[in-house]
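There are structures below to look over.
One chain, subunit A, links the two complexes that follow: it is found with subunit B in the first and with subunit C in the second.
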Partner chain A sequence: MACQGLQKGETLASLKTESDGLKKKLEVERGKLNDVELHQVAEKTEVLGALSIKTRRVLKGHGAKVLCMDWCKDKRRLVSSSQVRTSTDLWTREHGVSLPCTWVMACAYAPSGCAVACGGLDNKCSVIPLSLDKDENLAAKKKSVAMHTNYVSGCTFTNSDMQMLTSSGDGTCALWDVESGQLLQSFHGHTADVLSLDLAPSETGNTFVSGGCDRKANVWDMRSGQNIQSFESHESDINCVKYYPSGDAFASASDDATCRFYDLRADREVAVYQKDSIVFGASTVDFSLSGRLLFAGYNDYTINAWDVLKGNRVSILFGHENRVSRVKLSPDGTAICSASWDNTLRIWA
Partner chain B sequence: MQEQQTAFATFLMRYSPLEVIVVEMQDPKSGVTGSEQKLNVTTIPHVFAGKDIIAWIANKMKTPPEEAHVFGTMLVAFGYIYPLQNHKMLVMCNDTSLYRFQVNPCFLRNQLTNVFDVVAAIYLAKRNIRKKGMLEPYEQAHYNHLHKWLNHKWDFIVMQATEQYKAGKERKKPDRVVFDCQERAYWILNRPPRRTHSAMDCGPERLIDPNEDENMFYQQAIMRSKVKSSVSLGALVKYITTYKTHDPFLAPCQPSNPWQTDNDTYWTLNMRGVDVPTKMRVERWSFSLFELLTDLRGRDDFKVFLKKEFSGENLAFWEAAEELKWGTGSSMSAKAETIFKTFLAPGAPRWINIDGRTMGLTVKGLDHPHRYVLEAAQTHVFLLMKKDTFFRYLKSPVYKDIQKKALSPETHNFSPAQLEQNAQNRSPGIHPIILWQQEEEEKAKTAAASAPVDVKAMMSKIDRKK
Partner chain C sequence: MSSKMQSSGSIAQARRTVQQLRLEASIERIKVSKASSDLMRYCGEHAKNDPLLMGIPASENPFKDKKPCTVL
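Our next item is the complex of A and B:
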C-alpha cells in the first residue's frame, strides 16, 4: 500500500502542475477578450445625484438576532427568521411560528404567497403553509422537504411553489420536489460550506449561482447538475451572491470586506467595491431595480450603497445597532429591507 | 455529446453490473470455491481455478459454457481478476489455471469513480474491521461521509476491505507492523484530521480530490466561448440606461412611493387584474418579451393580440411547458400526455409549428417524460415569439391602443398633516392567499373557455337532442 501511496503522491503532484498550468491558460484566454474596463465604459454614464434614503419602518418583534428575510410577491408582506423563531410580518400584523431549532438561517416566501420555507441548524428546510386564520397553529402543518447532512444556509423557491433550491454547510446545493420531498438534483463542486445561492432571473430560469467558504462563486446548470462557471477572486468566505437584474452578471459579498461584480458572458470579475475605511466583512448584497445601485450590508452595522458602474460609494445607511445579516429589494423595487442582529428589521426608501 | 457522457458516467457510477457480479463471486458461501494453492514454492491464499470460475458464471447467469468463458475473459481483461501464471495473456482459461480477484482498486480499470476516495473508503473500512468499530472521531466522521457519498459502491468497498484485512493477517508480524505504520502515515498525510497542520494542506477540508475534477473543469472553461468585455459590459450599461426611469431609487414613483407617503395608490394602480395599466408599466412591456410575459397583465394583452392573429398556440404551449417544468413530480406524466394530445400529436387541436427534428426528439422523449422533456421545443417556440411575434405586437393596434389608454397619474403632494393621516390609515392590502385563490379561479375559467371543442361529444349531444 505504501508504494502505491508514493505512486499516488507522484500523480497528485503532476496533476497539481497540470492544474496550475490550466488555470494560467484560462486567465490568458479570459484576458484576450478583456478589451475594456467597466469604469471606462461607465465614463459616458451620468453621475448619480445624492440619494435621500431614510428608514421608513422599524419592525420589532423578534426577541433575537434576525438572520434572514424575504419579501412576498405582494410587495408589502415579508417573512423573517431569527435565532429562535420564524415570523411573517406585515405592516401592521405579526403572525409568529415557532420552529424547534435554534438558528433559522434561511427563509423564503413562496411565489403564490400561500406558504413560507425555512431551515437552519436542524439540517432541514421545511415548508409551512400559511393561513387566513390568525389563530391557526401553523407549526403543526410544517412539512420537511430538504434533508442535508449539515446546516441549511439558504433556500429559495423556483418559479413555483412546487420546487425548492437549498444550499448547505455540507458543501452541496440541492433541488427538491416540495410535494414528495424527493431530491431532484444535487450540485457538488464546492469544497467547503455553501453559504448562499440565487436563482437567475431569465426566461429559461435554468441556472443559479452559489457562494461558499471555499471563496468560490459557482454557476450551475439546474438540468444537469453541472458546474458551468466558477470564479475565485475573493480572499475569504463568500457570504452572499446575487444576480444582476438582467441575469448576465452577479455580485458577491465577502468576509474580506469587499463586494465584487462578475460578468458572466465575459467570464471574469469586472469590479471590486472596497474602501480603506471598510474593514469589516460584507454579509449581504442586493441590486436596485435598474442594477445601477448595489446595496451591501456589513458587520460594522452599516449598509453601503455603491454605484455599480463607477465603483464609488454613493450612500451610507446608518441605523442598525448590530450586524446587518440580510438586505433585500422589494419585488417592485420601491424599498430595501434589512435584517440585523439587533433584533429588528428596517425598511428603507 | 458531453451531456451524454455525463449521463452515462452517472449511470455507471450508480450501478455497475460487473461489480455486482464480482462481489457475488467472492461471497464465502455462494461464491466461487477458492483454496490455497502452491505456486512454485510459495503458498498463495484465496486462489481460484479458471474452470471453477467459468462453471460458476455459467450456473449463475444460466449461460452456455462458451458464453461464460467469454464473460470470464472480460473480467480478466477489465482487471477484476488477474492470472497468477501467463501474465501476458489477459484471458481466462477453462482449466486449472490459477486466478485471484483484484483487491487493490488503484489497479482497477475504472475511470469513472474517484479512485482516491474509494481507496480511502477501503482503508477506513479495513480499520473499522480491525478496530471492531472503534475508530478515532475524525476517522469516524470521514468514514460516515464516504459511506454516504460512495453508498452505491459500499458492498464492493467492504469486500475489498475484508480481502485486504485477510491478506494482511497472513503477513509475518514484524512486516505487518511496519506495513500498518507506513499505511497509517500515508493517510494522516493525505487525509489529515481536522485542525492539524499538514504539509499537503490545500485549503478547507476537501471532500473531493481537487485536482482531478478541476483539470477537466479548467479545460472546459478554456474552451467555452466568451464575449468581448466591451460587448458584455456595454450590454450591462444599456440595461441600466433602459431601466433608469423605472428604478424607484433613481426616479420618483408616480404618483408616489407608498413607503415614503404611506399612500398605496401606486400599488393599487399596478395590480395584476387592473383594467387600464399605467404608462410606465406599458412602456416596460416593450423592453423585452421576458418583461411582457413576466407581468401577467402584459401577458394578457399579448394574448389579445395573439388571438387576433390566430396564433395563440405558441404561447399556450410555452405556458404548459413551464407548468410541467416547475410542477410536482407526480403530475408530470398526466401533463405530458395532455400537452402531447393538445399541441404535438398529428392533427392536434392546437398544433405548434416546430421543425421536424425538434418535434421528433420531443415526441420520442415523451415516452419517458421528465422535467426538461419539452426544453428544446419550448426554446424554439420562445425564440420564435421573441424574434418575430413580439416585435409585431409592439407595432400592432392592440399595443398602440393600450399605450394611448394608459394612465399617467399625477404626482402626490401631501402636506405634513396629510402624511400623518396617511400613516394612521395604512392598509395591509388584499391577503395574498385570497388573491391567489381568485387567480386560480380565473385560470380555470379561461382554460375551460379556450379548451378545444370535442367535436365528437358535441355531435353526440346534438344527436341525443334530436
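Our next item is the complex of A and C:
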C-alpha cells in the first residue's frame, strides 16, 4: 500500500505549528492595515433620508414555502421555487408556467431568458428550456447538468447559457458545461455544507465567492480552482454571500443574526450590520444598484435596509408572514423581490 | 484502516492547509482607509442612478401602479 512519506523533519505536529504560525501572521498582516474603520471614513457622507419603499405586488400561487428566486434579464419575469414556477410578466401580468422540478432549493434564469436552471434535494441541477408554447411538455426537455453527492444549495449561469456554477451540501462548488454536463472545475476547501455562491461582476474577472456551514466565506479563481482568499468572522452558518457592485467587496448573511461586509483588497471584514434587537438569523442579502444600501432578509419575517457605509439601519420592510428566504434586486435596480416561507413573493419599490 | 493510512491522510490535509495559508498570507493588501474611500467614491458616483436610493416618480416605475387618466 503506497503512502505519502514524511519529508525530512516534517511531522504532523510541525505542520500544525507552521499552520498556527501562518494564521497568526495573517492576523498581524491584516491588522497592520486596519488604520481606520469604514463607518469613520463615511462620517463625511450625508445621512440617508427615509426610503419610500413599499410592497407593490404580492405573488401568490406557490402552494409551499418559496425558497429561492431569480430575475430574468428582461426585468419583467421571475423564476421561483420550491416547485419551480416562472412568474407572471410583472408589468403586463400575463401568467407564467409551472415547471417539472420538485425539491428545489436553488433556481436561476439563463442570461438569454430562454431557460431556467433548478436544483436541490435530488443532488442535481437541471436546465429546462422555456417555450412560448404553453402546452409543450417541458418535463421531457429537462436536462440534468450538475451531479453532486449531496443537495444543491445554489446555482448560477456564468456570463452565458453555456456554463453553470453550483454549490452543494457536499462541501464543494463546481463549474459545469451545460451542453455536455461535463465537470469543468471543482472547488474544494470548505469543511462543511456550502450554502451560497455569487459570481463577481463581469468587469472584475473570473472569480466567485461562496459561504457555508463552516462559517467561512471563500473567494475562488474559476479557471484554476484555487481558493484565493478566505474570511472567517461569522459566529454561525453563512446563508448567503453577495458581491458589492464594483466587485471589490462582498456581503454575507448569517445565522448569527448579523450581516458583514468584507473588502477584498484590504483582505478583511470592514463592517458588521447588527442590532441588539435583531436576534434571528439573516438568510439573504442583496445590494442596491449603487451599493449604498444592503437589503437583508431575516427569519423574523422582516427585511432590513442597511446603510452599507455608515453601518446603521435605514428602513424595515414589513409584510411577509413567515421567514424571508431570498431577496434580489431587479436587473435595472428599480425593485427588490423577496421570497418567503409564507408561500408568496413580494415586489418592493 | 491502519494508523499509517490515517496519519498519511492527516499529513496530506495538514500540508494542504499550510500551503493554502502560505498563499493567503502572501497576497498584496491595501489599507482600510484607502479601501473605504474607494467604496465611498463608487457609491457616490452611482448614487444618482440608484432608483431605490433616490426614489423615482411613480410614472417612471413599472412596478408602481399608474393612476388611470381620462382624456376629456
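Criterion: the second predicted complex is superposed on the first by the 312 of 349 C-alpha atoms of A that agree within 3 Å, B and C clash if a C-alpha of one lies under 4 Å from a C-alpha of the other, contacts with A are read in each partner's own complex, and residues count from 1 in each chain.
Heads up, the rule we're going with is that a contact is a pair of C-beta atoms (placed from the backbone, for glycine too) under 8 Å apart; a residue touches a chain by one contact, two chains touch by 3 or more.
Here the structure is a predicted model, which means the values were calculated and not measured.
Visitor: Applying the document's definition of touch, where does A:211 land relative to subunit B and subunit C: first, second, both, or neither?
Guide: neither
Visitor: Applying the document's definition of touch, where does A:73 land relative to subunit B and subunit C: first, second, both, or neither?
Guide: first
Visitor: Give one of first, second, both or neither to describe whether A:334 is in contact with subunit B, with subunit C, with both, or with none.
Guide: both
Visitor: Would you mind checking which one, subunit B or subunit C, touches more residues on subunit A?
Guide: Of the two chains, more subunit A residues are contacted by B.
Visitor: Regarding the shared-chain residue A:163, is it in contact with subunit B (first), subunit C (second), both, or neither?
Guide: Only subunit B is touched by A:163; subunit C is not.
Visitor: Output the subunit A positions appearing in both contact lists, the one against subunit B and the one against subunit C.
Guide: 1, 4, 12, 15-16, 18-19, 22-23, 25-26, 29-30, 33-38, 41-42, 45, 48, 51, 53, 56-57, 75-76, 90-91, 189, 226-230, 244-246, 248-249, 263, 265-268, 270, 288-293, 308-309, 332-335, 347, 349
Visitor: For the complex, give me every residue of subunit B touching subunit A.
Guide: Within the complex, subunit B contacts subunit A at residues 3, 6, 104, 106, 116, 119, 123, 145, 148, 179, 182-183, 186, 190, 203-215, 217-219, 221-222, 224, 226-237, 239-244, 246-250, 253, 257-260, 266-267, 270, 289-290, 293, 322-323, 325-330, 371-372, 375, 379, 382, 426, 428-436.
Visitor: Write out the stretch or stretches of subunit C touching subunit A in their complex.
Guide: 2, 4-5, 7-8, 10-12, 14-15, 17-18, 20-25, 27, 29-40, 42-47, 49-53, 55-56, 61-65
Visitor: In their complex, what parts of subunit A are in touch with subunit B?
Guide: Counting only subunit A, the residues touching subunit B are 1-2, 4-5, 7-8, 12, 15-16, 18-19, 22-23, 25-26, 29-30, 33-38, 41-42, 45, 48, 51, 53, 56-57, 72-77, 90-93, 112-114, 130-132, 149, 158-160, 162-163, 171, 177-180, 182, 184, 188-189, 191-192, 202-204, 213-214, 223-224, 226-230, 244-246, 248-249, 263-268, 270, 288-293, 308-309, 332-335, 347, 349.
Visitor: Name, in rising order, each residue of subunit A that touches subunit C in their complex.
Guide: 1, 3-4, 6, 10, 12, 15-16, 18-19, 22-23, 25-26, 29-30, 33-38, 41-42, 45, 48, 51-53, 56-57, 75-76, 90-91, 189, 226-230, 244-246, 248-249, 263, 265-268, 270, 288-293, 308-309, 329, 332-336, 347, 349
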